[in-house]
Amino acid sequence: MSANSFGTLFRFTTWGESHGPAIGCVVDGAPPRMALNEADIQPWMEKRKPGQSRFTTQRRESDIVKILSGVFEGLTTGTPISLLIENEDQRSKDYSDIKDKFRPGHADYTYWAKYGIRDYRGGGRSSARETASRVAAGAIARKVLDHLLGAPVTIRGALIRIGKHPIDRARWDWSQVEQNSFFSPDAGIVPVWEQYLDETRKAGSSAGAVIEVVASGVPAGLGAPIYGKLDADLAAAMMGINAVKGVEIGAGFGAAELSGEENADEMRMRDGKVAFLSNKAGGILGGISTGQDIVVRFAVKPTSSILQHRKTVDAAGHDTEISTKGRYDPCVGIRAVPVGEAMMALVLADHLLRHRGQCG
Amino acid sequence: MSANSFGTLFRFTTWGESHGPAIGCVVDGAPPRMALNEADIQPWMEKRKPGQSRFTTQRRESDIVKILSGVFEGLTTGTPISLLIENEDQRSKDYSDIKDKFRPGHADYTYWAKYGIRDYRGGGRSSARETASRVAAGAIARKVLDHLLGAPVTIRGALIRIGKHPIDRARWDWSQVEQNSFFSPDAGIVPVWEQYLDETRKAGSSAGAVIEVVASGVPAGLGAPIYGKLDADLAAAMMGINAVKGVEIGAGFGAAELSGEENADEMRMRDGKVAFLSNKAGGILGGISTGQDIVVRFAVKPTSSILQHRKTVDAAGHDTEISTKGRYDPCVGIRAVPVGEAMMALVLADHLLRHRGQCG
Amino acid sequence: MSANSFGTLFRFTTWGESHGPAIGCVVDGAPPRMALNEADIQPWMEKRKPGQSRFTTQRRESDIVKILSGVFEGLTTGTPISLLIENEDQRSKDYSDIKDKFRPGHADYTYWAKYGIRDYRGGGRSSARETASRVAAGAIARKVLDHLLGAPVTIRGALIRIGKHPIDRARWDWSQVEQNSFFSPDAGIVPVWEQYLDETRKAGSSAGAVIEVVASGVPAGLGAPIYGKLDADLAAAMMGINAVKGVEIGAGFGAAELSGEENADEMRMRDGKVAFLSNKAGGILGGISTGQDIVVRFAVKPTSSILQHRKTVDAAGHDTEISTKGRYDPCVGIRAVPVGEAMMALVLADHLLRHRGQCG
Amino acid sequence: MSANSFGTLFRFTTWGESHGPAIGCVVDGAPPRMALNEADIQPWMEKRKPGQSRFTTQRRESDIVKILSGVFEGLTTGTPISLLIENEDQRSKDYSDIKDKFRPGHADYTYWAKYGIRDYRGGGRSSARETASRVAAGAIARKVLDHLLGAPVTIRGALIRIGKHPIDRARWDWSQVEQNSFFSPDAGIVPVWEQYLDETRKAGSSAGAVIEVVASGVPAGLGAPIYGKLDADLAAAMMGINAVKGVEIGAGFGAAELSGEENADEMRMRDGKVAFLSNKAGGILGGISTGQDIVVRFAVKPTSSILQHRKTVDAAGHDTEISTKGRYDPCVGIRAVPVGEAMMALVLADHLLRHRGQCG
C-alpha cells in the first residue's frame, strides 16, 4: 500500500519536497457536514511555523494552507480534502557542497542507496518541511474528534527535555506551554534551556529533546487489536516523525523497573464510572483506550546539520568532510511538539471511525 | 483494513483465543519455490514455548505447527500458507473469579468497554498465547530473507534488563544467550536475575524487562518513506507485542541527551563500501536501512497477573478485589525475546518485497 | 496488500488448495455480540455442495464448517472468526497426465508462468473448491447485515441462462429456484436445460451460464466513491469468481442501447419516501446504493475440463494433447449461484461497516 | 482504506470537484530514475479534453497538468508525484434549478442519501471531470510499464458501439481510431454515428456506448490470485468509471453461449514460446495474464443529463420535474475511451510492481 499515506478510514496522503513549488496532502474519510475552513487549520500552522524564535530554523515560510476540495459552503462533503501549502523560501542557494556528499545523520545516503537518485535541495522529501502537511491534516483530525464525540478531546504537547536537562515534573503547568519558545510546561527550566541552546549554537552543535503528548477526553474502546492496536499505531505515528528514535506509552521504559503491583493500575467505581487509581498504562490496555489520558513520549535526536566538520563520503565513493553553512536549527525537537500533537489527533480520529465501523 | 493482519506484501493474519480449540495464522505473499516444511518452524516455537524454566509460565503446550496449505512437494507455491497450532492445555479451570472482574493491567476492561463481551478464559484473544502465531510466521519470514538475499540475515534477541537489574554491556556475548533461561548475553547477570525472580515470585509479585533485537546482514535501502518507514513499522511491530510500553531504535531515548556530533554517525569508505564509524542510528536513517545492524529495544511491563490482592471493579459496577491463583509468569518479558525476533523478521521480509516491487 | 483477502473493514482471507488437508478462511471485522454458530453457516454450504445432481461435479465432500475462533458462548466477540473445512475426497488419483501438461482454459499455464511451480492436484489453489470458503464467509456476512440493519436483507441468486437457452423472464418465480437442480426461477426452462446438459455431457462438452443475484432491503447510501464504489467492488467480487468473464449491474450492457430517457430512472415520492419508477440502474448510482434492489449479473464460461481431446503444450515445451478423464462438471455455472450470493453479501456487509465508520 | 485511492503498490489518490478551484491526484509508488515531465502527460489529456467535437461536452478546459512533486531534474525520485489541473470553466451558472432537485440517473440523490450534503455545482465530486486525473495518472502508468519492461506495452481503446449501432469488427483498423471524432476503428460506421447522434441531440436525448480496450505486450504472469486477480481489478477499474454498467473480458458474456471446446483456447509451441490458437480468455486465465492481448470491454449508459423533462423529487420531499438546460454531452461514452485506456495502464503498472515484489 502507499507509503505516503497514513491511517485506515481517516487517512491522509502527503506529497512534496522541501524545495519544490509546494507541498500538501489529501485528507480522506472525514465525516460529512462538519464545519471546516482554512481558519480552523491556520493557528496550528502558526504553532509549527519556522523562524519564530532564535532557537528554531530561520527559514521564512508563511505556511498558508489552501483548501482545494472537499468543503462546500463551509461544510465537509465527505469527499477528499486537498490541502496545498506553497513553498516560499526556496532561497536560491548553492547546493554544490551537499549535492554529492552524504550528510551524516541525514537520509542522504539511504535515499541514494534505495532510489539511486535524490533531490538534495534542503533534504528533498526527507525534509522536516513535510511535517507541515501533518499539522494541517491534524487540524482536521481535531475537528473530527470534537464533531463526532460532541465533547472536546484536548490534545496537548510539551517539551520535557532538551539534552541533559529535563523539566521538573512537579512544576508542570499546561498554561506555561504557550508562554515560552520551547513549549515547556515548566517555567523554571526555560532560562536553563535558553542558556544551554545559546551555548550549543555557539559551539556549532545541536541538542536532542523529548516531547510528551497527552490526549484527554478520549472515550474507552478505541483501538483495534491485534495489529491495529492504538499504542502500536501511535508508536508508528511518532516514530515516523523526522529524527524520532524512541516512543513510549505511559510508564514506558520505566515500566520495566516497576513491580507488578506498582505498574498495574487499580480500579474503583466513581460516580457510576470506572476510575483508575493511577495511569501507568498511559491510557491504553491491550491496545484499546481505557478512557484515561493517553500519554505518549518520544525522543528526538539532535539536529544532524551542524556547523562542525564531519567525516563522510560522496556519491563517487571518496572520503570527504562536510559541515553545514548558514542557518540551522540547533534543536529540531522544539518544532516537533505540534507535529506530535497532530499525529496523536490523526491516530485518534482514524480509530474513532474504525470503532464506529465495527462497533457502532 | 483488517486489524488482525500485519504487513503489506508479506502479510500475516492471526486468529484464535487462549482457550479455544486452536490458534493459527495465514501467511500471504511468500515468494514461490522456497523450501519450507514444519521443521523450519518448530525450532523457533521451542524457543518461545512455555514451561521451560521456573521463570516462565507452567502452561504445557507442545506447540506443534501444522502447515495446511501453500506448500507443495516441499516448496512454497506463492499461495497463502495456513499454519495451525492446537491448544492442548485448556485446563478445565474455574473462571468464576475472573469472569466478571476486570484484572488490573490486563485488557479485560478495555475489551469489555469496546465489544461489550469478552472471552475471559485465559485472556481470550488478548492472551500472549497469540504470539505463538507470530513466532511461526516469523520463522517463514527468516527463510524469505535468506532465500531472497542469498546471504543470511541474522536476527538475534537478548534480554538486557529485568526490573532494576540491567546487564553489563561490556560482557555482551551472543553465545551466552542460548546458555541460560533468560536469553541473557551477559552470563554474569544470570545469578542476579535468578535470585531476583525467585524473590519476586515468593512475594507474589512480578518484574518488567527490556529486550534488544539485532538484525545483521540487512542491505541498505529497505524502508518506504514517509509512512512506511522501516523504524515506524518496527515500532508498531514491537509496541503491538503484549505488555510492551516502549520502543527505541539505536541510541533511542539516549539520543535526546547526545550532541549532534556525538549522534550523527560519520562515514568512511572501507573496501569500496560505505562504512559507518558508529551506529547511533541503529541502522536506519530517514526510515531506510543503512546496511548497518538494525538495533531495536523494547520495554515489557511486569506481568499484571500477580498473587497479591488488587483493587478492581466488576462488570456490574461494584468495587471488588482480585488476585491470581496458581501458575503465573513472574516475568513475561523473557518469552518476549523470540517474539521480538519474529516481528523483526516479519517487518524486514515485508520491506524486502516492497523494495523489490518499487525499486527492483 | 494481501492478494488472498477481500474487503476493507469486514474482510476475509482464504487459504487452501483443492487437494490439501483442508481449506478455510479468517473473517475479520464482524461486529461483536452477534449470535453465530455453525448451524448458521451449514445450510449455505449445502446449497453449494458438490454431487447433488447429475449436472454438477460428483466429488463427494460433506463440507462441514468448524468455527475455530471468534465466537464465545454463541456470540461473536469482535475478534477474527477462523473457519475450517476439511477436504475429504482427495481421491488418490493418477495425476501423471496433468502434472506436466497445461489444460486449456485453466490456470495451469498462468500459475506456472507466474510462480514457476504449481500444485497440479485438482487445480490446487485455482480450483473452484476455494469458493466453499466464500460461501462460509458469506453466511456470516448475511448475519451481519440482518444484525446491524434490524431488518432482513434478502440476497437471492438465480441461473438465467445455460448456453444458448435463456430463461423467460416473464415466468420469473423466486419460489421455483429451490425446486430444481439449476436454481432456475423459470420452471419452464428446466426440462430444456436437462436435455441440453445431458446432450452436452454425452458429447463430452460443457456449457456456460449466466447468473443473476439480487439483494433486496439494502438501504440507500452504501458505497464509497470514487474508488470504493459499490458497483466497482461488486464487479471485482463477481469477476473474481472462478470462470467468470463478465459482470453487469442493472441494465448492464443493454444500457448502451437505451436512450437517456429510457435509462435514467425517474423518481416520485411514495409514502414519504423516494421511489424510483424503474430500476435500470440496478440499485446503484454514482457508486452508492439507491435503496432499490441491487441487481448484478455475471457470465460463467463453459467448464474447461472436458472429455474431448484438446491441443496443448507441456512444461518441457512440447506440443501435446489432453482430455479430462472421469468425473467432470458439465456446467460450473450452476454451483456459482450460491457463490455469487455470498460475494454480494460480503460486499454489502463491508460497505455497511464502512458507511457506519464515516457517516455514522 | 481510502475510498479515493486506487492500486496497491502503484497507487493514485484523486481529489477535487467539478467546480472547485482545481482537481488533481497523487501518484505513489512510481519506480525511481524514470524520465518524466509534463509533456509525457499532456497528449493523453488532449485526447480526453472536452469540447473537441460537437459530439462531446462544450465545456472549455485547457486541462494543463502541473507536476508539483516527485520529479527532480527530469527523473522520478521514487517519492509521490502530485499532479494539479486547474478548473478554468467554472461558468458562473445559475444552479438554482438543480440545487434541490435530484437529477434522474445522476448521483444527486445517492450522495444526498449518504452524506446529507452535496456540492451540486456540475455534479461536484461525482462529475466525470474527475476522470481527467485518471488520464493524467494513466500517462505515468504507461511510462512505468515501458520503463520496467524495456519493451512497449501498447494500450489502445476504441468505441465499438453507440446506441443500437455496433461497429463491423471485420473492418477493424486501429489506424482509423485517431481519424474520427469517435475513436472508431471502423471508418464505415462513422457517418452512421454522426447522423444518429445529431438526431439524438435534436431530440434532446442521449445515447450509450461500448468501449473496448486492448493491451498488447503484457508479459504472462501478472495478476495476484485469489482476490487480486488481474481481471477482477480490471473489472473494478472499469466499473468505477462514471456511467459504466457492465464489464467483460475476452469472450465476456458471449462465453456463456459457447461450448467448452469453443471457449478454451488451445496452445501450441511457436518459436520456443507458448502460443494460444485463439483468445477467448481475453489474455487472462485464473486471474493471471497469459501473454496474449488483454481485452476488456465496458458499457457506458446514455448521458443522464438530457433536455427532455423528467420526473423527479426534491430534497424537501416534493414531486417535481427537471430538464437540463444548455450544453450537454449526448454520448459520454466517447470520452470514456481514453479513460478506459488509463485505467488499463494503471491496473497493469500496479500488478507489474506487485509481481516484482513477490516473484522478482
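By written order: A, B, C and D. Residues from 1 in each chain.
Keep in mind that, in the parts below, a contact is a pair of C-beta atoms (placed from the backbone, for glycine too) under 8 Å apart; a residue touches a chain by one contact, two chains touch by 3 or more.
Values in this document were obtained by computation on a predicted structure and should not be read as measured data.
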- Task: Please state, in steps, how far chain C lies from chain A along the shortest route of touching chains.
- Result: 1
- Distance-maximising chain from chain D - centres being C-alpha averages: B
- Computed distance of Cα centres, chain C from chain B, in Å: 39
- Message: How many angstrom lie between the centres of chain C and chain D, each centre taken as the mean Cα position?
- Response: 26
- Item | Averaged-CA centre spacing for the pair chain D and chain B, given as whole angstrom | 46
- Message: Among all residues of chain B, which ones touch two or more of the remaining chains?
- Response: 1-5, 8-9, 14, 29, 32, 78-79, 111, 114-116, 125, 225, 354, 359
- Query: Inside the complex, what are the residues of chain B that reach chain A?
  - Reply: 1-6, 8, 14, 102-107, 109-111, 113-116, 125-126, 130, 161, 163-164, 200, 205-210, 220-229, 231-240, 245-269, 272, 274, 277, 280-282, 284-291, 299-306, 308, 310-313, 317-319, 333, 354-355, 359
- Query: chain A touches which residues of chain D in the complex?
  - Reply: 1-5, 8-9, 11, 13-17, 20-24, 26, 28-29, 32-33, 66, 68-70, 72, 75-82, 111, 114-119, 124-125
- Item | Of all residues in chain C, those that touch chain A in their complex | 1, 9, 29-32, 78-79, 148, 225, 353-354, 356-360
